[in-house]
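In this document, chain identifiers A, B and C correspond to the written order of the chains, with residue numbering beginning at 1 in each.
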Amino acid sequence: MTTSELKPIIEALIFVSEEPLSVKQIAILLEDEAVENIEAAADELIEDIDARESGLSMRRIAGGYRLTTRPELSEYVRRLLKSQPSARLSLAALETLAVIAYKQPITIPEILEIRGKVSTSAVKTLLDRRLIVSKGHKQVVGRPMLYGTSKEFLIHFGLNDLSELPNLEDFEDLVSS
Amino acid sequence: MGEAATNHSIGLPELETGTGANSSGEQYRVKLEIFEGPLDLLLYLIKKEEVSIYDIPIARITEQYLEYLSVMKELDIGVAGEFLLMAATLIQIKSRMLLPRDPLAPKDEADDPRNELVYQLLEHQKFKGAANVLHQRATIEGAAYHRGAIESDGNNPEIAATIFQLFEVFRQVLDRQRAITEIEIARDEMTMSEKIAEIKLLVARSGQVRAADLFSAARSRREIVLIFLGLLELVKELAVRLVQEQTFGDILIRSREENQIDAVV
Amino acid sequence: MTTSELKPIIEALIFVSEEPLSVKQIAILLEDEAVENIEAAADELIEDIDARESGLSMRRIAGGYRLTTRPELSEYVRRLLKSQPSARLSLAALETLAVIAYKQPITIPEILEIRGKVSTSAVKTLLDRRLIVSKGHKQVVGRPMLYGTSKEFLIHFGLNDLSELPNLEDFEDLVSS
């Protein structure tokens, strides 16, 4: 292949690769294209990308090539990463949240009883993310804290109110109609 | 008809004429199942006969439609309820068209008994077209790859959730809990809903349960009644199917698997 | 900021973001840079990247911008990722999805009415693949669940928004011709 045919292919490969991609790996993917050709194209690509004044730069890292953002733009990148706190929950947190949503108000011992697993760290995550809030103490021995879902929870899952939680009948609707 | 069977085809299937072709039954099975539903079969027949969708020769199309159904039956392909329903509709339209028109009534096209069917076919065809375009778009889109993970992604190994997942997860938690407590419940006097849950669980585990086994395991008259009522309830809810493979044979309780639902309604 | 200042920043942000990044999100990160400026810069960037003959392309998807590899290079990328093209949707699922996309929000009985066929397993597949989501209950007897398409749907089919769906009437000719 010519250098100008190779360059876009190399760029695409580096873009999708999770690890720095070595010349040798690229050669294998391109059915034994000569290593020298690939190296020449990759070096030219580095220069091209630099000359573009784009937001990205291609670098040799750990014996391979990698695409990164330009260091001078790191301030903006950092802001983005900070602004995108994960809208994601672990399975443990999700299960705990599901139990709380459907059985609220509920205490931690009651959650354990239903899930069969200790969920304190999950409860903490949910509290931190404000998906659940405390709803006072249960009037039993030990006065354990009661938890329920928050307004944040409704927003996160796009619900108007708790009555919009799917119920068992809806599910049966789906599998049996 | 299960989804799996139709995975491979978009657009109108290639199907040879009805009975008597020399393909094996197995090939027929594959081809016939491509008819997603009665409307697909009708559209195919209309195209094959090269007739206008706006002026369908109902007698001819109905005859062909019924012929296809009988081929499907002969080959032991479960003919889903909606195919039979359409057959009834076609026959009804046919007989209405045979009725002499009131000579005094104004000639009105809106009275054509075929109108509703034509409308349905047109709608169906439109969505088929849209589905085709979606398919093409997904193919192109599937060829464009997103970047691989970069360092900043590492702190996010979790899964994103929708309300349906939340619900699914809740059901799983409940199922797990049910499995643990089931043993305890068995010793107590059962309620109807517990009995239903137990039957469901049994059927889900082994796919099919002999009704006789269920009854003979009962330890009291009350439990027999509960099992009986529970079964009726489950059948009504369409949670299980009762099957008798031969006359006077065992009555089997089977779970309704996803892909069977369509075929049995 | 000038367009040529904005372009590299936007490129870096889009590269880093895991999800399509909207003009509004970018504006917030850039301390309330005018939305029109950002949009102009982003559109210019799309053209720049196209003109570069690079392995990447920038597109508007699901209301935001996203960098992807060029589709024509998919063969090489696939070799690297050893990825199978993602499981195809069955015809039943695609047709059900089309009905939902055009008629949303819609209930299962309404889908049945249009398709003349029971599609519950297709609906379940679509839910599992997150191409559709529930949109609350319809306020009629039985309160059946309403379904609509998700952001995932837009991403999967490379649409910027629902207005980019092809016009249904265009398909009517197929039968009459």
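One rule holds in what follows: contacts are C-beta pairs under 8 Å (C-beta built on N, C-alpha and C of every residue); 3 or more make two chains touch, one makes a residue touch a chain.
Treat the numbers as computed from the prediction; the structure is a model and nothing was measured.
A.B. asks: Using each chain's Cα centroid, which is most distant from the centroid of chain A?
C.D. replies: Looking at centroid distances, B is the chain farthest away.
A.B. asks: Taking the mean of each chain's Cα atoms, which chain ends up nearest the overall Cα mean?
C.D. replies: Per-chain C-alpha centroids compared to the overall one single out C.
A.B. asks: Report, in whole Å, the distance between the mean C-alpha point of chain B and the mean C-alpha point of chain C.
C.D. replies: Each chain reduced to its C-alpha mean, chain B and chain C end up 29 Å apart.
A.B. asks: Approximately how many whole Å separate the CA-defined centres of chain A and chain B?
C.D. replies: 36
A.B. asks: How far is the middle of chain A from the middle of chain C, if each middle is the mean of its Cα atoms, in Å?
C.D. replies: Roughly 18 Å separates the two chain centres.
A.B. asks: Touching two or more other chains, which residues of chain A qualify?
C.D. replies: Within chain A, residues 12, 15-17, 67, 77, 81, 158-159, 166, 175-177 contact more than one other chain.
A.B. asks: Where in chain B do residues touch at least two different other chains?
C.D. replies: Touching at least two other chains: 145-147, 150, 152, 156, 162-164, 258, 261.
A.B. asks: Tell me, which parts of chain A touch chain C in their complex?
C.D. replies: Per the stated touch rule, the residues are 4, 7-13, 15-17, 21, 25, 29-30, 48, 52-56, 67, 69-70, 73, 76-77, 79-81, 83-84, 158-160, 164, 166, 170, 173-177.
A.B. asks: Which residues of chain C touch chain B once you look at their complex with the stated criterion?
C.D. replies: 15-16, 18, 57, 59, 66-72, 74, 77, 81, 85-86, 88-95, 97-99, 101-102, 114-118, 120-122, 124-125, 127, 130, 133-134, 150, 155-159, 165-166, 168-172, 174-176
A.B. asks: Of all residues in chain B, which touch chain A in the complex?
C.D. replies: On the chain B side, the touching residues are 145-150, 152, 155-156, 158-167, 169-174, 176-177, 180, 237-239, 256, 258, 261.
A.B. asks: Considering the complex alone, what residue numbers of chain B touch chain C?
C.D. replies: 1-4, 6-7, 9-10, 36-39, 43, 52-54, 80, 82, 86, 120-131, 133-135, 137-147, 150, 152-153, 156, 162-164, 258-259, 261-262, 265
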